[in-house]
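The structures considered in this document are given below.
What follows is chain A paired twice: with chain B in the first complex and chain C in the second.
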Partner chain A sequence: MGPVELLHMSVFSQSFSPCGRFLAAGNNYGEIGLFSLSAALSPDATAANQKPVLTFTAHDGPIFSLISTDVHLLSAGNGEISGWSWNDLIKKTVRPLWTKRPSCRSSLEVPEINSMTLNPRDNNLVVGGGDNNVHILDMEHGVFKAVLQGHTDYIHCVTIRDREGDILSAGEDGAVRVWDSRTSESVHCIEVYKHESCARPQFGKWLSCVTTDSDWMLCGGGPSLSLWHLRSLSPASVFPLIGCQRQATFHQDMIIAAGDGAFVSHCLLGGEVKAQIPCTPQSINTLQLNTNSSEHRVLTVGGSSRHMDVFTNLSYRAFSLHF
Partner chain B sequence: MRLTLGATRHKTQRRRRSRSRFVIVSQPGFRSKSARCGVCHRRGFLLFHANTVLQHKEMSSDALKKRKSKVVRSEGGTPEMKRIRADGDQDVRVYKEEVELESRDPEQDFLMYKESCESLASLMSDIQNLKANGEKEGSAEVEQKRMQSCIHFMNLKKLNRLAHMRLKKGRDQTHEAKQRVDVLHLQLQNLLYEVMHLQKEISKCLEFKSKHEEIDLVSEEEFFQEAPPEISRPQLTKHDSHQLTLARLDWELEQRKRLAEQYKESQASKETILKSIEVKKEHLSSLQPGLNAIMQASLPVQEYLSMPFEQTQKQTEIARHLPPALYVLFVQANAYGQACDKNLSVSISGDVDEARALSKPPEDSQDDESDSDAEEEQEKTKRRRPTIGGQLDDRRREMLKRHPLSLCVDLKCKDSSILHLSFFYLMNLNIMTVKAKVSTPTDLNTAISAGELLKSETLLSCLNTSDQGRETPNPANRYQFDKVGIATFEDFVDELGHPYMWVQKLGGLHFPSDTSEGVHVGSSLSASHMQSTMKLLRARVQSRLALHRQFASLEHSIIPISSECQDLFPTKIISRLARWIPISHQDYAVLPYTRPVIDAGLANDSDLYFMAVIERGTARLDAAVVLSPRYPEISPLFSLSLSWKGERSGCTDDNLRAMESEVNVFRKELNGLRPGHQLLTNQIARLCVCLDVFLETEGQDDSVEGPREFPREKMCLRTVRGPNRLKPFKYNHPQGFFSHR
Partner chain C sequence: MFGWSTAVFLFFLLCIDEVIRKRLLIDGDGAGDDRKINVLLKSFTKWCNSPSTSEEEDVQHQRMLSMLAQCEFSMGKTLMVYNMNLREMENYEKIYTNIEQNITSAHEKITECKKEIQRAKRIRKNRQEYDALAKVIQQHPDRHETLKQLEALDKELQQLSHIKENVDAKLELRKKQFHVLLSTIQELQQTLENDEKLDNEDTNQESPMDNSE
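And then the complex of A and B:
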């Protein structure tokens, strides 16, 4: 990888290993880099520890999504999903366990997979991508068992409501659809851009992130990041963040969001922006909290740079991992 | 000595004789004796003169006594006297008191004396008694007594005389013994002297050195082995070392004679050989004019056959005066030119005489230098040195001195442009430098922005990675510079040429980067780099010339796209290149959107910087370009900034970043024909296409009334894709649509 390629590298996805000691990161060249958090966080860490312990090419196109089950790392490339064993990867053997392709109408272009999420209750993998449909992969049998159709443009993000098991998807068409996982029917369709408090026509109507916490849903993108009450389907608070947000997550009584702009925003549920913590990438594609290990409880942030910032404390950037 | 000894003997004899006459001889006898003594004196026995005098004295005293005794005797009238008178002159008859003396015993004499004295005393006392008793003078008794005492007196006298004679006899005996001892002593001294003399003679003989001891003789074994028996005579010499030495000397003489003979012969043969050499030399020199004439005559033939023997010969002659590094390059370049590259020509320029003077006495010159240095030092201390600065300048100039000869390598390219390379050798720094010049058949000075391209300073920079040719590659120079206060070689590069690494390698100079092993001059090093370097040089000139041509049209806002590269772009490109200007490194560095490139260390001092402006309608795309000197091997790097509905740049906008990577990262698609001289123009053309796509696919704000500024003309499958909503910048050729990467 030459210096020019490194200069134009973007990190799109991250996932922590089940043990919490490793971080996998996918970039725009289809590579997955495996970083050792335990080494990088140790007191006698050197610059070499900030480099990946293992880099391998997993897919042709950029890797937009990475997710970990309790034993596997799943990576999503251009129209395909591959499964890797964490044990193998830690031993530095690179061999995909399996590769699945969601069925799609034949086209000149292979639709990308933008988002994946696990439904632990049914042991399903929910996949959303460029073909405007949500695919449900049965992890037990390795077959796609359902297709949720309804979006009119490609899907940016999918998520699961913990208690109800409903699937939520947000897409380029500006709608958040809530699906009943049993019937595969779209239960609700929330068109965020139509709400005046959230709409930002200069950015467009697309929604790039959606996440839930019991009855509350957080979504943002072209429209402002906003907190919705799912039972009443109305926006509770709108966050005055300037750029388009690409990732948002609930953390304790706080919301962490990131997107355009080289900072991570901390917001209160009430709608105030509490802090904006500067970071290295000029725009952020992914942020991930390591909850798998209490020892290495860190927030990592990746974006339009080869650097990935590590926050040991949420209020400041500790150091950067880089490809 | 003998004479003296003889004289003493004679003397004693005579004295004995005279003594025996003493008694009878009276006064005249004494006188005659003294006269004889005068004869003795006259004869000159000086050694014994004192003795004789002594003897004379004794004799005179003896004579006195004798006279007295004679008087007494004559008075007494003893019977012996009569006998002596009767005998006359005869000795036998002479009374000899000495004889009497011998027959008497001194003890009895002494008793007799005592008796006489006692009886005398008793007579005297008798007389006195008689006198006292009133006896008259002349009474018989007294007279008798007086008579008796007279006899006693006579007796005493006799005894006295005898005592004297005894004394004298004893003295004489002592004297005689002493004489004898003296003689013996003298003899002893004589003998000792003789012994000493002989000993001296012996030691002198012993100390005698023979000449033959200095002659280095062959060893004995060798001598017996080599010498003929008539010289060695083993039966004689085996046991007699003297004979052996003589024989060895003989053999030495024999051998030396033989060698002298040989020497003479050799001398003679040497003479004859010298003479023959002389003759041959004359013959050869007489050939030279003829050969010259033939060479002269053959020139037209050579020209006609295009075989420049003469010229190469001359060059080789000059090449002998090249310094080793340039010579290596000369040989290797020639060889390479003959073997692989007909378009490469090598020539030598410079002052040959100076070089000849320089190369003639290499060792002496060094010595001279140090000598003259010392002299200079002295002179300097004597006369006030002009100024320290001026002196330092001189030393600098001396240090940076070039060899008078330089090597010109002309590299002809396919399009008949020529790269002239002049290689110089800096004698004191032991490095090579190069100056480059490009000459083209047509005038190229139309492009303003191309000014930097063919400048000799930058033309060859970074031929290999980061070889900018500004610092000297010889680590030893650092210390030399310190001595004369040169901070960096860069200040002299314009004047002296660039000391690129590859130049050193071509010259066979190898400077290890960190270890301190010495500098080698090796042909193999030069040979191993010749081909690759020549290829690099040619490629460099070609790419520069290609760039030069491209710049000319870019300045006229025309993007030249060669026919082979037509497929890379859609037929209709609406965005236009508005401007193409060179900018400085500083200008580049202050642009906000070039920060990532600078931080990544991809913008160096040696690079060239340009600014391209692409416009379409109200949109204006600024592209800051880093052009590496190693173009097209290292692709130009674009940094974008778009001003349309606000400012955005590659740093802040993912789509502009995607456009940057479209030209920077996916350059392989844009290389065109090998070796990729079309790269830059293709990149610019692609930027135009990307700008078209960007503008046409930008989401329409529904709230704004009126027609879109940029109607969608490009065929796209999807306008956005992926989490970062990238636009489809990839052009698919035969179908003519745009898709995502």
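And then the complex of A and C:
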């Protein structure tokens, strides 16, 4: 990889292995880099431990979404989803187990896949992408079970409500739709940009991140990052963060959000911003907490840079991994 | 002197190695206690073998006794030091186990505190969620007021419908009265027309009779 390519690299997605010792990161060149966290976090780590142990080209377009199941790594490229076995990857064997393509209207324009999430209840993979629809793939049989139609513009992000099993999807049309997974119907449609407290017309109406805690939902993008109460569908607090947030997550008693701006914001549920921790990438695309391992509990952040910051303590950046 | 010492430790070399090493460490050059014992032994043999006068013998005797006392004294001292060291060791052992216990209890306390922190974070999160919901709820008006407003509106509605009923009834009554009036007028008109027609027929019948005469 020449220096120009390295300069223009962006990390779009990341996922931790089920054992918690490895991190897979996908970039805009279609490559997946596998980093060994246990080597990088050990007391005698060297600079070589911050480079990937394995890099391979998985797709021919940018990889916008990576997700791990108990044994597999799923990567989404241009209109196709590939499954890789974690055991094989750890042993450095690069061999996709399967590749599936969700049905699209025309074969000329293959829509990209922006977001995937796993529904553990019925073992479904929920996929949202550029064709304005949410596709549901049954992981056991490997067939696309259902298509949820309703959005009028492409989908940025999908997530699952753990308790009720509903699917939430947010898209470029500014609406968050709540789908019932059994009837495949849109139960609610929340148009965030229509609420005065959240709307920021100078940025637009698109929503790039949605995440939920069963009772509460965080969504942000063009409109400010806001916390919604799902039962009453009303905004409870709006966070005064400048810039558009691209990833947000609930962690213990606070909210971690990242997006435009070279920092990770820590906010309280009441609406105040507690801290902003600086990091290397100038704008952040992906934020992940390692919940699979108790000894490598880190937060990793990747964005418009070839460096991925690793936070061992949430308050400061420990070191960076890079391609 | 030198030959005697070498004979002594050559002898011990044959027997016990450790003892040799320790002795050499403590008192290798022959000064100190070892020398005292050697001097004592020598003076004892000299004293036994000497045919000197009783005064000198007494003096020698006293000197030997004092040397013996000194040796005993130094031995007593070293014994005490040894006992003290043993007790110090015991003391250190006790402190060591105490510190180990403290370490394990501190570890336990740390895990307890970590659990406490998790619980406190959950509580804090619940409180914050409560606050956020309370803020939203506060924005809506009070239920009592809304109920009162609803009641007032209900009353107004009832009154208005009452008035409407009254007006409707009056309208019906007037309609009926006008109907009665109009139908009577029409009947009278009919009767008058009939009478006029009859009158006209009567006069027509009379005039042809006059003409025919």
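In this text, the second predicted complex is superposed on the first by the 321 of 323 C-alpha atoms of A that agree within 3 Å, B and C clash if a C-alpha of one lies under 4 Å from a C-alpha of the other, contacts with A are read in each partner's own complex, and residues count from 1 in each chain.
To be clear about the criterion, a contact is a pair of C-beta atoms (placed from the backbone, for glycine too) under 8 Å apart; a residue touches a chain by one contact, two chains touch by 3 or more.
Computed from a predicted structure; not experimentally measured.
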item	value
Superposed partners chain B and chain C on chain A - clash or fit	fit
Chain B, chain C and vertex chain A (Cα centres) - angle in steps of 10°	100
Chain A residues touched by each partner, larger count belonging to chain B or chain C	B
Partner chain in contact with A:Thr183 - chain B first, chain C second, else both or neither	neither
First, second, both or neither for A:Tyr154, with chain B first and chain C second	first
First (chain B), second (chain C), both or neither touched by A:Ser237	second
Partner chain(s) touched by A:Leu227 [first = chain B, second = chain C, both, neither]	second
Chain B versus chain C as contact partner of A:Asn114, first or second or both or neither	first
Partner chain in contact with A:Gly204 - chain B first, chain C second, else both or neither	first
Chain B versus chain C as contact partner of A:Gln282, first or second or both or neither	first
Contacts of A:Ser10 with chain B and chain C, given as first, second, both or neither	first
Per-pair minimum CA distance [chain C against chain B, superposed on A] in Å	27
Chain B and chain C contact sites that coincide on chain A, given as residue numbers	none
Residues on chain A engaged by chain C in the complex (per definition of touch)	215-216, 227, 229, 232, 234-237, 252-253, 268-271
Touching residues on chain B, where the partner in the complex is chain A	596-597, 600-602, 635, 637, 651-652, 654, 657, 660-661, 664-665, 699, 701-703, 717-718, 720-725, 732, 735, 737, 739-741
Chain A-facing residues of chain C, complex	118, 121-122, 124-125, 128-129, 131-133, 135-136
Residue numbers on chain A that touch chain B, as the complex places them	3-8, 10, 12, 61-62, 64, 107-109, 112, 114-115, 130, 154, 156, 172, 201-202, 204, 206, 208, 246, 260, 282-283, 285, 304
